Every structure is written in structure tokens, then in C-alpha cells.
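There are two complexes below, and they share chain A, which is joined by chain B in the first and by chain C in the second.
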Partner chain A sequence: MEDTILSVEKLSFRYPNQSDYAVQNVTFQVKRGEWLAIVGHNGSGKSTIAKLLIGLLRPESGVIKLFHTVLDERTVWEIRRRVGMVFQNPDNQFVGTTVEDDVAFALENNGIPRDEMIKRVHEALRQVQMEEFLHHEPHHLSGGQKQRVAIAGILALRPDLIILDEATSMLDPKGRQEVLDTVRNLNKKQRITVLSITHDLEEVAKADRVIVMNKGEMMAEGTPKQIFALGTKLERIGLDLPFAVKIRDRLKQRGIPLSSSYVTIEELVEELWTLYLKR
Partner chain B sequence: MMNSMIIGKYVPGDSVIHRMDPRAKLLVIFIYVFIVFLANNSATYAILSVFTFSLVVLSRIPLSFVLKGLKPVIWIVAITFLLHVFMTKEGDVLYQIGSFSIYEGGVKQGVFISLRFLLLIMITTLLTLTTTPIEVTDGVESLLGPLKKVHVPVHELALMMSISLRFIPTLMEETEKIIKAQTARGVDFTGGPFSERIKAIVSLLVPLFISSFKRAEELATAMEARGYRGGEGRTKFRQLVWKWTDTAFLAAVLVLAVVLFALRS
Partner chain C sequence: MDIIFEKVEHVYNANSPFARRALYDVDIMIESGSYVAVIGHTGSGKSTLLQHLNGLLQPTSGTVTVGNQTITNKKRQRDLKPLRKKVGIVFQFPEHQLFEETVEKDICFGPMNFGVPEEEAKKKARELMKLVGLPEDVLAKSPFDLSGGQMRRVAIAGVLAMEPDVIVLDEPTAGLDPRGRKEIMEMFYRLHQEKQLTTVLVTHSMEDAAAYADYMIVMHKGTVWKTGTPQQIFQDSDALAEIGLNVPETVRLKKELEKKLGITVPSPCLTIEETVDAIQKLFSKVNAHDE
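And then the complex of A and B:
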């Protein structure tokens, strides 16, 4: 058996006083070191899944297992120590008055001794290239920098899994790039497992595997290439295709012989400029 | 502009006073507030003033900053002074205007009481000028620590205070944004009759309140996700260090108390 760190079985959840399920019969696994993206339009239940995973909401039925431990009231704090979550709004998750205080917050909560804390705060900030901002106050940081501090706050606990709950949706393109680069680095170099919940398909293109959610149910699962091949099906549930994929499809309609295997702009450019030579 | 109003009070520096443990500062001020009332003659007031001004000098903060802190209370001080001058009927008559007469004792009393006022304000201003709000919070939390035994939520109160401090600039920014947004929609915040201006303020406060509640909820979720479950079993990142200078300052204020007690008439 491959090392599965998260497994979700037949998960269902309804918000109080609502007849429709926000999440219905969802089953999936995440393997160690993988980057899994969950995409879906607003109200597709993707953020609800994130909240269920760290016990902020309790499922109506179904089982969530993290590290082969069933999530329940007794294990929730241990699981929260091993799973870090980055939320959407950079401001509303910044607890400390300075960068170092904020990174230390989760460590304080878990009763880590002070000497160890100082070491880990520096280490975590170095990993997200924010060490020089140690004593800065949050209102002097950009959105992307605040999200990187949030990631550092999670890294300080040395987690096995990072959940990004629309962590880049409120950032400008530069901030988004910074955050995604940081996360990709952690994923590739330190083999930290990433579960990213998003409606940005450019972000999806970077994942190893994708789950598409629609109205609380899983609609499709596969690699980014397989998912983007769904084309209009995605557009019908309110998701936009990445720019590179759209251009590719249009060019193909015009009879330009492009392969349909790439998903990023770099790959598109590469194929276009070598196209003439191939003829 | 608004930022400087509330948190711009702290003047960064590296003086002995800046480096004092906030607990020591709070204790010194606490004792000072009591012994200020021991002074009742020229000698004791002179000693008290010398002590206070030495602290200001040691803090290496320009005197003008400290005096600025006195501005809001200067009228109260002036009125107190005049009341004492006119109401106290002791000692020789110095001056006579119609039926009013000013006595020597009145002037003396007026000067003493005003001085007492000014010295108190000066020393508390010195605290806010040399200590960051978060240091004050830590100091208060530490000093009130024993009250946890009688179930006073000291840790929670301190956390509330530090989160409020952290969100002041954020909410200021938000206020400015809402003002701009509402101005763009035709709300006039600066002119117009009083009733119109109150209405304009409402259009600012309602969105601000709604967004603050939303922020609070999201912050609570984020804190829970990061393993926050109350003060129990929590370690602290910011640490207060009690140095020998802190003991020295505390001893100095106690010596001052004894001297004042001995010299008062």
C-alpha cells in the first residue's frame, strides 16, 4: 500500500436548517508528497470540505482519516498540529502584532518551549524567504507577504499536510505567484503534501491530481491534462479554462497541428516557436 | 493621519527607561501614584519634582514630547489652581480685589495641587512614550497573573488587548477605504448640516461593523485551526526579563516614599 496520509470516505455534510447537501458522498485519498487540487465554482462545497478536514465542522456521515487516525473529538487537536491550513483573507488570519509573534502563535498554542520556538520561527521564515521581516507589523506587508507568513506559521509546526483554502484568491498576480512558488518549493523539495482548494485553473495546472466538485458532489478526478480535456463541460459548471488551453483549442480549430498534452503557457510558447521547424 | 493619533505615542529609543521591564515600570507608577499624595510642603514637592524630571532626562525623550502629553489636562490644572487660590483662606492676605482676597496659603495650596497633577500626568505620559502597547499588555498580564487563581480570565483579557492593538491599523485602513467608497457614491462627510453629517457617519459605521464581525469570525476560525484552545498549557514567545536595573528603579521609588514620609509636615 502506498503511503496514504488522508483518506475521505463517503463524506456528507449539510449546514443547519438546509435541506440540500453542501457535500455529498465524497470519497478520495491523498498520498504523501502529492499536490492535490480541488476545484469548483462558488458553492460547490470545496471550502466546506476543507473545514471538515480539520474538524471545524462535523460531518453528517462518512469517515475522515488523517495519518490512519480517525478524526474525532479526541484526536482533533493532534491532527490540527499536523495539518496546517492557510485561509483566504490574509488579514483575518494574522493574529500576532509582528511577523515573529504570528509565526510563534501556533507554537505557543502547542506548548513548545521558548528556545525551540525561536529556532523554529527563524527556520520557518527562512523557508518562505521572509526572515528579514521578523519585526515587521502586518500592515506594512503586502497580501502575498502576509500569506507567506501564514505559511511560515504552519511550517513552524512541521506539518505533514498543508491545506490552501483559496489562499491566493485575494492576491494580486505578483503575490499569487510568490505564494504558489513558495508552496511548490515546499512540495518538491521537502515533500510536504499539499491540498489546494481553488477556483483558479492556472493554479490547478500545477497540481499532480485534480478533483472537480459541482454542487457538493465529485464530478471528475484526474491529472490536470485529463481534466482540461473536459473543455466545455468545465465551462458549463462555471469554471474558466486556463488561457493556454483556450488558445490551443482555438488554434486547433483553425487547423494548426498542436498536441493537446500541455496545460501551461510556457509549454504553449515552446510548441509554437518550434512548430515552423517541424514542418 | 489617524494612525499617528492612537499608536504614534510610542517614541522608539534605547534608553535605560525604554529597556526597563514593563512590570517594573507599572509597579513604579503604581507606587508613585500613592506617594504623590504624601508630599505636602516645599521640600517634599521639590524632591518629588527632581525625581520625576530625572526619569524624563534618563528616558532621553525631548521634554517637548512629555509636555505635549500635558496639553489635554492643562485647563483642568488651571481651574484647580484658581479654585484653590480663591477658596483657601489661610495665612496672610496677599492681594485684595473688591470683596475677594487672595491669601498666601491659597497660592501655596494652588501651586502644590497643580504640581501634583502635572507630575502624575508626566509620569504616566512617560510610560506610554517609552513602552510599546504590547509590552504594557504583557506587563499587565504578568502582574495580574496571580488573579487567575480566583478565576479572573487574565490571559483572555491580555489576548483581547493584543488582538485589538493588532487590528487598529487594519480597521483604520478599512475606514479610509469605506470613506472613499461612500464619497464616490455621493456621501458628504465634511460639510452640510449636523443631521446630514450624522447620516453620513451611519453610512460609514454600518459597513465597518459588518466587516468587523466577519473578520472576528474568520479570525476565530483561523485561531482554532492553529490549535488555540485557551491559556492552559500555552507557552509564551515574548518574554519579560527582570534585570538589576528594574530592581534598582523599584528600590529608588521605595526610598523616595520613605524620604517623603520623613520630610512631610
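And then the complex of A and C:
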């Protein structure tokens, strides 16, 4: 039996003094070990969902269950111990005076013994390739380095669920790749469940399953391939198709007979090669 | 107004046990009216570099020349004020710097600090609304009631209100969704063309660098690794990969195609349009040849 780690039922939320719902009637589940991506334009409600999930905001209606426990005022603290959240801007999540202290902060709070703490701090920093910065001051690091340290702080706690709220949007392409590879690794090897909130459809391609949000409501749900098949529908709601799909669609418009499914650059080159040889 | 860096070095916390050299041996030239992209891996010194452009940081050795102003480590901070007016910096997440009660007051704050009369500053604020693509009624609102994308436009208007000759953009689209990203980049390109605004773009997006810049500066470990046109810079994807950078996806596709098909694609493929054109040509050429 597959274990449902997170279940959201008919969730609705409005910000104070707003008549429009930021999140309206949203229902979904996440299974243990799964990577679910929630994608949408700015203001589509995706970040509001993240805040609702860790109890930073309280729903107007609907039920959130994490690890089979209903999220409410009594359970929120216990639930938060098992959920790690990485926010977009790393400057707002630093407490330690050195990288080492910062990663150790939450471990200390949770009463982890010192020897174990040292081991986990090193291990977590190694996973995000920031081990050589152990004694640096966080505010002297660049944006991408800070974010990797913030992720290490969460990895050290070995959470059951990691929520990435636009967490890679400030990293350079290689840094982003490293972080996503790290997360994928944790997801596959340690079965840590991942919920990534993003507007980057390249990042979406790495997920097992995707939810598309538009104006507070769920517009679509499916595998990345199914989602990318929506094509221009995604562009119309302010999202960007993966590069190879964009090129493929434009070439098709100009009469080059390519297939319709989601493609990577490699697959596109393969297809073009076949067509080229046939001529 | 040309910008010239000569042997610029910057050491943070110099003469202390925490000293850290962030820049060294930086020699660059940014021509007046050009659009220059600065790229480099996280921590390569890009942000330190850009803070030298308007004297927020002074070189610990070497010289920065902006127009007729020279900045060295000897210069007093107060003499740098005129420079701040000429060089506007749009920092990452500029909306975090909004503070006034209304959008109008926020935009007028800079010019009025430099002695522009209130009426004139307000008139300027109204013009700027159009320029950054916001409706005029936003002026009366609190900046904190706006959406993220609108706040960013207001912050950008605040920088433009100083009528700078040079605008420096540090990852100006970070955190925006794809549509917002495109709109902001197009807006800066329009400003660059219409006002001959010298534009310095610090970015992680090779696609933006390829699409907009005339000239590129590649930073690596605190110094200049290479300079050239986007076409020159993106020629050698292996060398770029070694310092942790990619080529734009269009160039990657071109290279993969060339390898697989055993041909040479003459177009530099710096934008999607160029790439689609180049691929289409490939097929029509074959047709012509067959006939």
C-alpha cells in the first residue's frame, strides 16, 4: 500500500480584506517518496499553498493532513519538525554567525547530541558542496551559496518532507543543477518526499507529477509529459515551455513534420537527424 | 560616458584576520551607449564588481574611471555623490527598498534629495509610470499594496527618476514568472535603445546575455576570464563548462545538431528566432539540392 504523506482537501483561502480567493477548492495528495511540483505564474496561489501547508496561514475552509495528522494549532509544532522548507530569499533565513553555526542551529534546538551534530553538519554541507565554507560568515556569501547553506540546514534535520518554495530561482544554472541533483538524490535514496513550488518548467520536468495553478485554482494535474502537451495553454497563463518544446512547436508551424510529445534537446536532435537522412 | 577599470582589486575586511580578496587584476572597458552583460559563476565577483560602478565600494587598489570621475581608495565618500546620480543601480529584489507611503513619494524621493523641485519630480513620476508600464492611478497607492511585479516596476522607476546615463541591472528578473521576466527585459532593451542608456546587465541567464548584449565580460574567481561579443564567448562551450557556465540552449542545440548531422550551421543561433530560421534553412537547402 502506498503511504499518503500529505493530503489536501477542498482547501480555500483569502487574504484579509480581499474578495478574491488566493486559493480556491484545491485538492491533492502526495505519496511518500514522490516529487510533486506545483507550477503557476506569480500570484497563482502556489506560494500561499506552501504557507498553508506549514501552518503559517490558516485556511478559510478545507482540511490539510500531514503524516495522517490533521494540521491545526495543536499539531502544527510536531508537524513542522518533520517538514523542511526552503524559501526563495536566503537572506531572510540566516541565524548563525558562521556557516557551521547556521546549519547546526536547528539541530541544537532539537537536542541532537554534539557528536551527531558535527557529523550531520559536515554531511549536509558536503551534499550541497559548501563544506569548504564551514567557517565563513553567511552574509559574505553570494546569493547562490547562501541558498545552498539554507538547504543544508534543512538536510541536517533529515525531514520526511522538503518544500522548496522557488528555492532555486536565485541560483545560477550550475548551482541550480547541483541543488536539484542533491534534492533528487535525497528523494531517490532516502525516500524524502519533495514538494517543489516553481514557475520554471525545466524544473518541473524533473518531478514525478505536476499540478498547474492558475488564479488560485488547479488548472491541470499529470506527469510532466502530459502537462507539456498542453503547449500554448501554458504560455497563455504566463508560463514558459521547455526550450526544446518551444523550438519543436515553431518548426512544426513552419511545416517540418516533428512529433508532438514532450522532448529534450537530445530527442529533438535525434528526430531532426532522422528527417534529415530521409531527404 | 565610458567606464574604465584599471588593475582594480577589492579586498573585503582588508588588514584584518577576515580579509578576503573578491576582485583582482580587473581591467575592463565599458563603452558609452553599449549593452554589456557580466556573467560568471556564483561567487565569481560579479556583485563586488558592480558596486564599484557608482562608488558604493572603492577599489582597495587600482582605478575606476566613470566619465570624468576617478575613483581610487583615496577618494572621500562625499565626493562620490555626483557619480551616484549618473549611475543607477537596480539591485536584486529592488522592491525590498521601497519605503514611502505612496508610490509617487517613493519615486520622487531620489530626485528631491538631489534638489529637484517637488512639482518637477511629480511630473517626472507620472511620465515614468508609462515608461515602466504601470497605470497612472498606481501613483496614489501604497507600494506595499501592489503585486511583486508591480513593486519591482515602481522600484525601477525610482532609479530611472534620477535620469542616469548608466544603468546597472543585477539579476533584474530574479523571482519573476516567465511573462514578467520577458516584459522587464524588453522594457530595459527599449530604454537602452530610445535613451542610448549605457546598460550593464549582471545575469545568470545566458539566453538574456545572448539576446540583448553587444559585449560580454566573463568573471571567474575574482578576475576577468574573457571578454568579447556573445558570438565569440559562446563559441567555446567546453571552456565555459570548465568554469561552471553553460552556453545558451540555442547554441547547445546548434552544437548537438552539427555533431549529429556532421555539418556546420553558419548562424550563431543566439536567439530562438535565429535558431528556428537556421534549422529551417537546413531542410530547404537539402530540398533544393535534391531537385
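Note that the second predicted complex is superposed on the first by the 248 of 279 C-alpha atoms of A that agree within 3 Å, B and C clash if a C-alpha of one lies under 4 Å from a C-alpha of the other, contacts with A are read in each partner's own complex, and residues count from 1 in each chain.
Just so it is clear, a contact is a pair of C-beta atoms (placed from the backbone, for glycine too) under 8 Å apart; a residue touches a chain by one contact, two chains touch by 3 or more.
Every value quoted in this text rests on a predicted model; they were computed, and no experiment measured them.
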Quick check for you: in the superposed arrangement, does A:Leu125 touch first (chain B), second (chain C), both or neither?
neither
Who does A:Ile64 touch here: chain B (first), chain C (second), both, or neither?
neither
Examine A:Arg114 and indicate which partner it touches, taking first as chain B and second as chain C; both and neither are also allowed.
first
First (chain B), second (chain C), both or neither touched by A:Leu141
second
Touch check for A:Leu268: first (chain B), second (chain C), both, or neither?
second
Thinking of the overlay built on chain A, is A:His199 touched by chain B (first), by chain C (second), by both, or by neither?
second
Name the contact category of A:Asn89: first (chain B only), second (chain C only), both, or neither.
both
Going by the contact rule set out at the top, does A:Ala106 touch chain B (first), chain C (second), both, or neither?
first
Starting from the residues of chain A touching chain B, keep only those that also touch chain C in the other complex, and list them.
89, 137
Note: in the complex, chain A contacts chain C through residues 40-43, 88-89, 137, 140-145, 166, 169-175, 199, 238-240, 243-244, 246-247, 250-251, 254, 256, 265-266, 268-270, 272-273, 275-276, 279
Applying the document's contact rule, which stretches of chain C touch chain A when the two form their complex?
12, 18, 20, 41-43, 47, 92-93, 147-149, 171, 174-180, 204, 206, 244-246, 249-250, 252-253, 256-257, 260-261, 272, 275-276, 279-280, 282-283, 286-287, 290
Please output the residues of chain A touching chain B within their complex, sorted ascending.
51, 54, 56, 77, 80-81, 84-85, 87, 89, 91-97, 100-101, 104-114, 117-118, 121, 137-139, 153-154, 157
Please name which positions on chain B make contact with chain A in the complex.
134, 162-163, 165-166, 169-170, 173, 214-215, 218-219, 221-229, 233-239
